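Before anything else, here is the set of structures, which you'll find just below.
Each of the next two complexes has subunit A plus one more chain, namely subunit B in the first and subunit C in the second.
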Partner chain A sequence: MKALFWVPFLIIPAIVQSNFILSIFIFSFILAIAAVSFNIIFGFTGQLSMFHAAAFGIAAYLTSLIVSYFQVSFWTALVPTLAFTVLISILIGSICFKFQLRAFYFAVVTLAFSELARLVILNWNSVTNGTLGLMVLEKPSVWMPGAGLLKIDGVFSWYYFSLAALIITVALCSLVLNSWIGRSFAAIRLNEDLAQTLGINTFRYKLLSFTLANALAAIAGSLYAFYTGYIEPAYLSINQSLDIISMVLLGGSSSIAGPIAGAFVLTGLPHMIELSGEARAILYGLVLILTILIMPRGLIGTLVGLRRAA
Partner chain B sequence: MLQLLVGQTLNGVIVGTLYGIIALGVTLTFGITGIVNFALGEFMMIGAYVTWYLFDVAGLPFPVAIGPAVAAAALCGLVADQVLFRFTRNNLINGLLVSIGLISIVEAAALLLWTTTPKDMGYVLTGAVRLGGVSVPKMKLVVFALLAAVMFLTYAALSRTWMGRAAYAYAQNPEAAMLMGVRTGILQSAVVVYSTALAGFGGALYATLYSLEPSMGGLYILKGVEAAILGGIGSLIGSLAGGIILGVTEAVGSIYLPSAFRDAYGLIFVVAILLYRPSGLFGAER
Partner chain C sequence: MLLEIVELTKRFGGLSAVSDVSFSIASGEIVGIFGPNGSGKTTLLNLIAGILAPTAGRILWKEAEIEGTSPHAVAAGGVVKTFQNPQLFMELSVCENVAIATHLRLMRRFGMLRTLELLPWRDAAREAEMANAIDRVLALCRLADVRDRAAAGLSYGQEKMLGVAMAMMCEPELLLLDEPASGLGEDEIRTLEHALRDLRDAGTTLCIIDHKVDFLGRVADRAIALQQGSVIAEGAPAQVLRHPRVVEAYLGRQHARA
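And now, the complex of A and B:
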């Protein structure tokens, strides 16, 4: 049933020939991975992490730098990148959760670490080229049965490549969230002290949630860097975190479909209507405020609520 | 070398009081409404731009320009409170996100109105005094004195007036305060508006020393929150002290370490404080 949801996406490139529209879809797919993974820690475990954009950006830099320095493939570079992301997530997560930082304090400390990461990348000119950023010229390749090694270049291959990445992410997330792990996350979100009393090791599950979210964000970041062919320190900025939070809130934080819907609306909308940077920022701010005040359950949550009421 | 050290320390103290005035607003708002108003920096920016406009463009004398600047910030604060923050009382995450949404709106509006070109205000007060072997511009001393005075007046008002004691009572036990006749709705709005007025005042003085950019608010609110956490959330003197400590660390630190990382010192400080002394340097032990 749920797999049917993806069928329209498979045939869209056959109908829509415009590269412009397809590229909006590609951006939406990649950012949806970031939004869905952010929702693991935010919507399902109830911790407002401000490190998500940092994980996204660090991975974007690391994968690109490894590829250009060591002349290895995208996939070979992704392994150390993921290992590094998992390592720093465990480090930062352990610090935060060991000291029982909750709500606002967790947000502030993760924000502090993400700003530190941004400052390092911004000022390490010899490697990262500072504010100017770097070009990423390589493209990933995948092995396809019958076609051999296929270079992911051009809109069509990127469309299916990023769609596949999103489907895998969603499958992984629903697997995790529908298992006992997901129920432990929910217990922590609803009442952390009670969860602890019931024998859930809250430290370990929060750490797992934080690490999993960051690792998936790292994949999204790497894809983003290789698709756009460009990396800059702004990937790690607070604004990038806010974009992801807005996507999750707009779509609704109580489901996996919510963040995907949010990513599509907030990625597509600014491209559909011609807007200046300022008007776009105002639109983002308004969406964030109005969603919280008027539609706290988000698009998907409100739709589900309407259907139940009818 | 010693001269540089003294000079940087003095600079740090003055910037630190600017952090402190934002930190005071953060602490007050958090204590009474249970949210952190991340948009306080934007009210500071409003105060700064209004001062610049009245002083530089309209040609009013500086003391006259301060009043409307503070009033403009407070008015924007009142609107923001009635339209937005009223609905997010005691909901930390929602308050945080709403104020962040407000930041992007106000900052974009400021960019449309005043562009990215930095605005420099003409000199309000020229001349310098010699202090400990270094010369300090008179204006910096005036800014420091005014900010410190406002902070001590706030402290005095909170401990001496009926409204101030009501605020303390409310922070300790909201239900009991309500039963004793404290109009909590008005108290909460008053505190939100007062904190934006403080930010506007800080902005008016900021305009006399540094050039203005629409993005200034974002930086100052981060420093303000850092200072508030450093001093201990809920402590008024702590917010001034936290601001000064932060300012001095940054100023002195950039003598010895690459100045590109000056924004990092505060962050490291905050992480360390939150881990080992979550109530801050001046806060009561939990």
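And now, the complex of A and C:
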């Protein structure tokens, strides 16, 4: 049943010819991966990680730099990037969870690590080109049966490529969240002390949640860098983290569909009504405040509630 | 001995909550620990359950030292604790609460891979085991009628029973109960006693702390009295309750002399 949800997305490029609109879809797909993955640690496990944009940005840089330095493919570069993301997630997660940092303490410490990463990238001029950022000229290729090795270049191929990445992310997340792992995440979110006395290794599950979220964010970051062809330190900024949090809150944090809906609205709206950076920030803020006041469960949460009531 | 406590001490700053406490619990018995408020009962259970680390002393579980072990590892080893103020997953239904508590049971029966449900096909044996276990425990704790109600909508007595039900679900060898009878009505206490005896008959060792002296006197095989963090009397419940130092601790010096 749920697979049917994706069918309209498969035929959209056949109906919509506008590159502009398709590129909004592509941005939405990629940012939806970031939002869905953030919701693993935030909505499902109940830990407000501020490291998400950092994982997204570090991976964007790392994959691009590895590709340009070593002249390898996108996929080859993605492997060490993911390995590095897993490693730093385990390191930072272990520090936070060993010291039992909860709620705001966890948010502040992960924010500190995130700023640390941003400052390193900002100031390591010889490698990252500082504030100016770097161009990413390579494009990923995929092997398609019948067509052979296909370069992902142009709006159509990027549309399907990023859509496939989102579908795989959602499938993986729903597998994990509907399993005992997801149940343990929920137990931690709802009552961590009780979860522990019931024999659930909360340290390990929180670490798993944090690592999985960051690894998927790393994939989103790498895709984002290669789609836009450009990387800059702002990818790691607190604003980027706040954008992702807004998407999750707008869509609703209790489902996988929520963050996807949030990503679509907040990516689509500013593009549809041509806005400057400042105006965009104001719109984000307004949408966030109104959502929290009117629909604390988010778009999807409210819709589900209405359907149950009917 | 199943559990041995040797010269256990816990200090919070200058305050000794538990000082130099030693006792042991044999397999299959019901031990009642009582004492006035502030006598260190809850701290003692938290030390055994791994929620607090002791300042000094040893805790031997089946002859292995477990002090300072994390709570989930202690629980996995067979020592499970309930909370004085019921700790529940308030947003979830009674049934879902108990379902989360099946974690250790499923891990023991089916191993990690089958418990985690990551396999793409349905595991009928695991699902049946889980459903049966939930039904049994809910019936025993008289919660079957409210199984689909949210935990937040339960009465205080039902909340307490749900706490016990979740602990039972973990199949503990030693169940530590922190004031299970406080705040319960007479009927509910009888249900509780019934459930506890059933548990003991099934081979579970129980350690109950409470200040309801008559309740402990009915269910416990052996009693230990604590005052200001130290053991002041130990033995058959009736004897311990008549012990002069216990009477003094509870009723004051004048009654002890009388």
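Going forward, the second predicted complex is superposed on the first by the 310 of 310 C-alpha atoms of A that agree within 3 Å, B and C clash if a C-alpha of one lies under 4 Å from a C-alpha of the other, contacts with A are read in each partner's own complex, and residues count from 1 in each chain.
Heads up, the rule we're going with is that contacts are C-beta pairs under 8 Å (C-beta built on N, C-alpha and C of every residue); 3 or more make two chains touch, one makes a residue touch a chain.
The shown structure was predicted, so the numbers you read here are calculated from the model rather than taken from an experiment.
Participant: What is the contact status of A:20 with respect to subunit B (first) and subunit C (second): first, second, both, or neither?
Facilitator: neither
Participant: Report for A:200: first if it touches subunit B alone, second if subunit C alone, otherwise both or neither.
Facilitator: Only subunit C is touched by A:200; subunit B is not.
Participant: Counting touched residues of subunit A, say whether subunit B or subunit C comes out ahead.
Facilitator: B
Participant: In the overlaid three-chain picture, which partner chain does A:183 touch, first (subunit B) or second (subunit C), both, or neither?
Facilitator: Second partner only.
Participant: With the two structures laid over each other on chain A, which partner does A:175 touch: subunit B (first), subunit C (second), both, or neither?
Facilitator: After superposing on A, A:175 lies in contact with subunit C but is clear of subunit B.
Participant: One more residue to check, A:191. First (subunit B), second (subunit C), both or neither?
Facilitator: The answer is second: A:191 touches subunit C but not subunit B.
Participant: Once the structures are superposed on A, label A:143 by its partner contacts, choosing first (subunit B), second (subunit C), both or neither.
Facilitator: In the superposed model, A:143 contacts neither subunit B nor subunit C.
Participant: Show me the residue ranges of subunit A that touch subunit B in the complex, using the header's touch definition.
Facilitator: Per the stated touch rule, the residues are 48, 95, 99, 101, 103-105, 107-109, 112-113, 115-116, 119, 122-123, 238-239, 242, 245, 249, 277-282, 284-289, 292-293, 296.
Participant: So in the complex, which bits of subunit C are touching subunit A?
Facilitator: The touching residues are 49, 51, 70-73, 75-76, 80-81, 83, 87-92, 99-101, 103-104, 106-107, 115-118, 166-167, 169-170.
Participant: Which of the residues in subunit B come into contact with subunit A in the complex?
Facilitator: Against subunit A, subunit B makes touches at 36, 84, 87-88, 92-94, 96-98, 100-105, 107-109, 111-112, 218, 222, 225, 229, 258, 260-261, 263-264, 267-268, 270-271, 274-275, 278.
Participant: So in the complex, the part of subunit A that touches subunit C is made up of which residues?
Facilitator: Touching subunit C from subunit A are residues 175-176, 178-181, 183-184, 186-187, 190-191, 193-203.
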